[in-house]
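Next, two complexes with chain A in common: one pairs it with chain B, the other with chain C.
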Partner chain A sequence: MSYLQLDAVAKHYGSRTVLRDVSIDLKAGEFVSLLGPSGCGKTTLLRIVAGFDQPDSGRVVLEGRDISGLAPAKRQMGMVFQAYSLFPNMTAQENVQFGLRVRRQDAAAQQKRAREVLELVGLAEHAQKYPHQLSGGQQQRVALARALAISPALLLLDEPLSALDAKVRVQLRDEIRRIQQETGVTTLFVTHDQEEALSISDRVVVMHDGVLAQVGEPAAIYGEPANIFVARFVGAVAELPGVVADGSGGMVTVLGRQVAASRARGMAAGTRVYFLLRPETVRLGPPDAAGMLHGTVIARTFFGALTSLKVEITGGTDCVTAAMASGDAANIAIGSTVSVNWDPDSPRLLVA
Partner chain B sequence: MSRPTHNLIPGLGLGVIGLYFVIPLVATGAFSLWEGGDKYGLAAYAALIHQPKLWQSLGLSVRLAIQTILVGLVVLVPAVFWLNLRVQRLRPLFDFLSVLPFVVPPIALVAGMTTLYTGPDWFVGTANYLVVPYVILALPYTYRALDVGMRALDLKTLTEASQSLGAGWMTLILRVVVPNLTTALIGAALLTIAIVMGEFTFANILLFNTFAVYIDYVGQTSATQAAALTLLSFLITWLAMLGVLFTGRGGRGQVQIGGAR
Partner chain C sequence: MSLRPVKSAGPLARSGGLFTLVFMAPFLLYVTAFLILPTLMLLATAFLGKHGPTLHYVASLGQGQTVVAFRNSIELSALAALVGLVVGGLAAYFVLRPGMPRGLRSLVTTFGAVAANFAGVPLAFAFIATLGSLGMITVWFKDIGVNLYGMGFTLYSMPGLVLVYAYFQVPLMIIVITPALEALRREWREAAENLGASTWDYWRHVGLPILLPSLLSAYILLFGNAFSAYATPYALTSGIVALVPVEISNVLSGNVMVSQQTGAALALGMIVVMVVVMGIYALIARRVGRWVKR
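And then the complex of A and B:
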């Protein structure tokens, strides 16, 4: 039985549909990310789970109990917000104890629990500081500790990292995952950052225009996008127009050349497809007749260990990006002609 | 090293403004010490502090100020909270209502009020009745102070954070909102004190002997005592302001509008 079940949840604001019959099941202890661009409905969905918004139809079921009509205060859910949400008049410890105080736990138990969770987030020595004395990352850690202090049935994270600078964001991201695994709390994490979602989730729910575009494990979302939206939104991808040339031999005609793609096997000849290549699967080499495609290097972007080279395919304006070790990329000059190759298993084909 | 001349100009300006405020005060102070001819002393003050009516009127005004603050805040804190949290679209209406006391002359207000408000004798028959118009008079200042304070807080996030932790509305307002509005609340309270201590029209028409009415009465009978009383009322305001300054500095750091950096 699923731990949290979102059953055909729909939400409209006036004439605008924000969520269309969204159904998701979470298993106990699972870390699930809701990933999507702004306005896809992910935050609305999280707020419906938290009880801050009401669905127009559909149900939110937690451990078999329909909580759709329950007030947020009665849902026993810990939430960390995008904006800094610590109570400015309270110290870190008082913030963490707030939920326990509301539950009228005795003072000693409150303090013990506050110490535990502050230690868990690595801020025990800052317990007596006020929010304005803490950095953004520390404030979000305290907010996480505060959400965990009440031993929530569900941990809801609403883009908690988006206000932080890049380095802190990565640190805290890894820490959130560690803490989630240590505590085993079932977690729903909203983000528009695909790297965040892919790196810390058990499963990723990609949303688009109020519907689920794909639900799956991070590797599957990246490697086997179910539709062109997911392919374009998650990771970089070169998208070439193709037509299946030979369904039994796994051949596709791309920009006038027949190239190998094992996923074409079983597809009817003549089927129009998006021929998708991830940059890390593309190999560039000296131009030769055996090359699958040829092109001209038109741009170079240096990322440190890796460099990406943008290649305009001969005979059109379509481009492919190759990510390669910076040392290798240094040998390929802008303007040079190259062959573009890949392993036949690499290209993903989506029916156009 | 000589200071550049352009730094002197603001200083000079401030000096002139300072003199504009200080000279009347010094003159009032000197006059309050005048005992006729070339004799100066504390006779006016001595005479004043032995007047039981002074203490009665002062006590009454202070009591009314406290009642006005309490009633005003109990009504306005939840109202302004709700305005900022849920019904922002009503802001023009709130803004309009809040300036009404400036538009309606007190003399019209008192006439309307005496026909509108009736009730038990402990209310309409006593000075408690003055709390009603005083709350209305203080409304623009109290509303503004609270509104500015609440706008500086991220009320939506703080509300949702406390609700997700299990807090109800009362807990939210008393433990989260109000403690973060200390400066705004003190500002509102101080302005209310200033208004109530100086309000004359209502008290005089409704025949209650408040501090302002007593100053007026003394002014008609003894000019030097009136000057001494004026200084006394200034002193009360200054003490209140000092109180605000000290409250703002000390404490546990919550007296910053906005709270978080």
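And then the complex of A and C:
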């Protein structure tokens, strides 16, 4: 049985449809990310789960109980907001104790639990500081501790890392995952950052225009995008126009050349497809007749260990990006002609 | 060990300081000319008689009529400030609530700006014309069998003055508290709610404590505003209710007695009251606002 079930949830603001019959099931202890661009409905969905917004139709079911009409205060959910949600008039410890205080727990139990969760997030020594005395990352960790202090049935994270700088974001991201695994709390995490979603989730829900574009494990979302939106939104991809040339032999005509793509097997000849290549699957080599495609290196972007080279395919304006070790990439000059190759199992084909 | 010379401030910092001085100087001069010097002159006048230094005029502050005037002024100001604080604060809160009509806020703010400055003789006349013993509303009530003045109400009394003062205190409160109310973040309320807090819990533990420094400041402002009001109570009560500003006027331009020294002593007394009130405010504000970033 699902731990949390969102059943055909729909929401409109005036004439604008924000969510269209969204259904998701979460298992107990699962970490699920809602991933999508701004305006796709992911935050609205989270707010419906939290009870801050009401769905126009559909149900929110937690542990078999329909909580759609339940007030947020009665849902026993912990939520971490984007930023600035700590109560500024309370110390870190008082913030963490707040949920227990309004539950009229005795003071000693409140303090004990607050210490536990502050230690869990590594901020026990900052317990007596006010929010303005803490860094952005520390504030979000206190917010996380505050949400966990009430032992929530569900942890809701609304882009909690978006206001932090890159280094702190990665640290806190890993810490959130560690804490989630330690506590086993079922978590729904909203983000527009694909790297965040892919790196810490058990499953990722990609949303687009108020509908689910794909639900799956991070590797599946990245490697087997269900549609062109997911392929474009998650990770970098080169998108070439192709036509299946031989369905039995796994051959596709791309930019005038017949190239191998094992996923073409079983497809009808003549089917128009998006021929998708991830940068890490592309190999560049010296120009030779055996090359699948040929092109000219037109740009180079250095990322430290890796460098990406952008190659304009000969005879057109389409480009392919290859990600390779920076040491190898250094030997390929901008303007040089290269062959573009890949493993036949690598390209993903989506019917155009 | 060699000593390094201390670096002097750069030219930019120096020019910044110069600009500050250029723009602050007129203000400082203004304050000196029209606040500090008059206060010092008041001080000197209050302690100087015809034959040199004297405590006579300051000692006269302890006389019966003067004590009553100070007590009335303080009570009236405290009460009028409280009415303004509560009514204005609640009005601003309801106007700013989500879902209220878009135009309502600008309407209330505009009205507030006008009404907060509508005091003095015109305001007194407006109330006499409506709630005076022969005022429009008084007569309407009488027509339907309700005799306000027969029931003990009179505009020319302390309750009447509080009612009239509310006319400019409430709008002033709306204007000064609106930014503080707007600064209450939606996330605080939602976080509290999410953690199981009721509306009462939220206001008790979060909303009101965050607003408290602003509410205290607003109360002091309203108190000072009421404490220094002169034209309205003078036009309304003609001295029936003894108030310090009216007493000062009486001793400076009255028909019975003219004594600049007594006026200066009364004004000095007002300054002392305000200093004490602000001292109490500073003590409380430090306590309730210890979480505020300074």
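One rule holds in what follows: the second predicted complex is superposed on the first by the 352 of 352 C-alpha atoms of A that agree within 3 Å, B and C clash if a C-alpha of one lies under 4 Å from a C-alpha of the other, contacts with A are read in each partner's own complex, and residues count from 1 in each chain.
Everything that follows uses one rule, which is that contacts are C-beta pairs under 8 Å (C-beta built on N, C-alpha and C of every residue); 3 or more make two chains touch, one makes a residue touch a chain.
None of the values given here were measured: they were computed from a predicted structure.
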item	value
Chain A as common anchor, with chain B and chain C clashing or fitting	clash
Touching partner for A:104 - first (chain B), second (chain C), both, neither	neither
Which superposed partner A:85 touches (first chain B, second chain C, both, neither)	both
Partner chain in contact with A:167 - chain B first, chain C second, else both or neither	neither
Touched partner set for A:50, first chain B, second chain C, both or neither	both
Contacts of A:65 with chain B and chain C, given as first, second, both or neither	neither
Chain B versus chain C as contact partner of A:16, first or second or both or neither	neither
Contacts on chain A seen with chain B and repeated with chain C across the two complexes	50, 52, 71-79, 81, 84-89, 98-99, 102-103, 130, 132, 143, 146-147, 150, 156
Chain A contact footprint on chain B (complex, rising order)	153-154, 157-158, 160-168, 171, 175-176, 179-180, 252-254, 256, 258-261
Chain A - residues contacting chain B, complex	50-52, 71-79, 81, 83-89, 98-99, 102-103, 130-133, 139, 143, 146-147, 150, 156
Complex contact set, residues of chain A against chain C	50, 52, 71-79, 81-82, 84-91, 98-99, 101-103, 130, 132, 143, 146-147, 150, 156
In the complex with chain A, residue positions of chain C that touch it	185, 187-188, 190-198, 201, 205-206, 209-210, 291-293
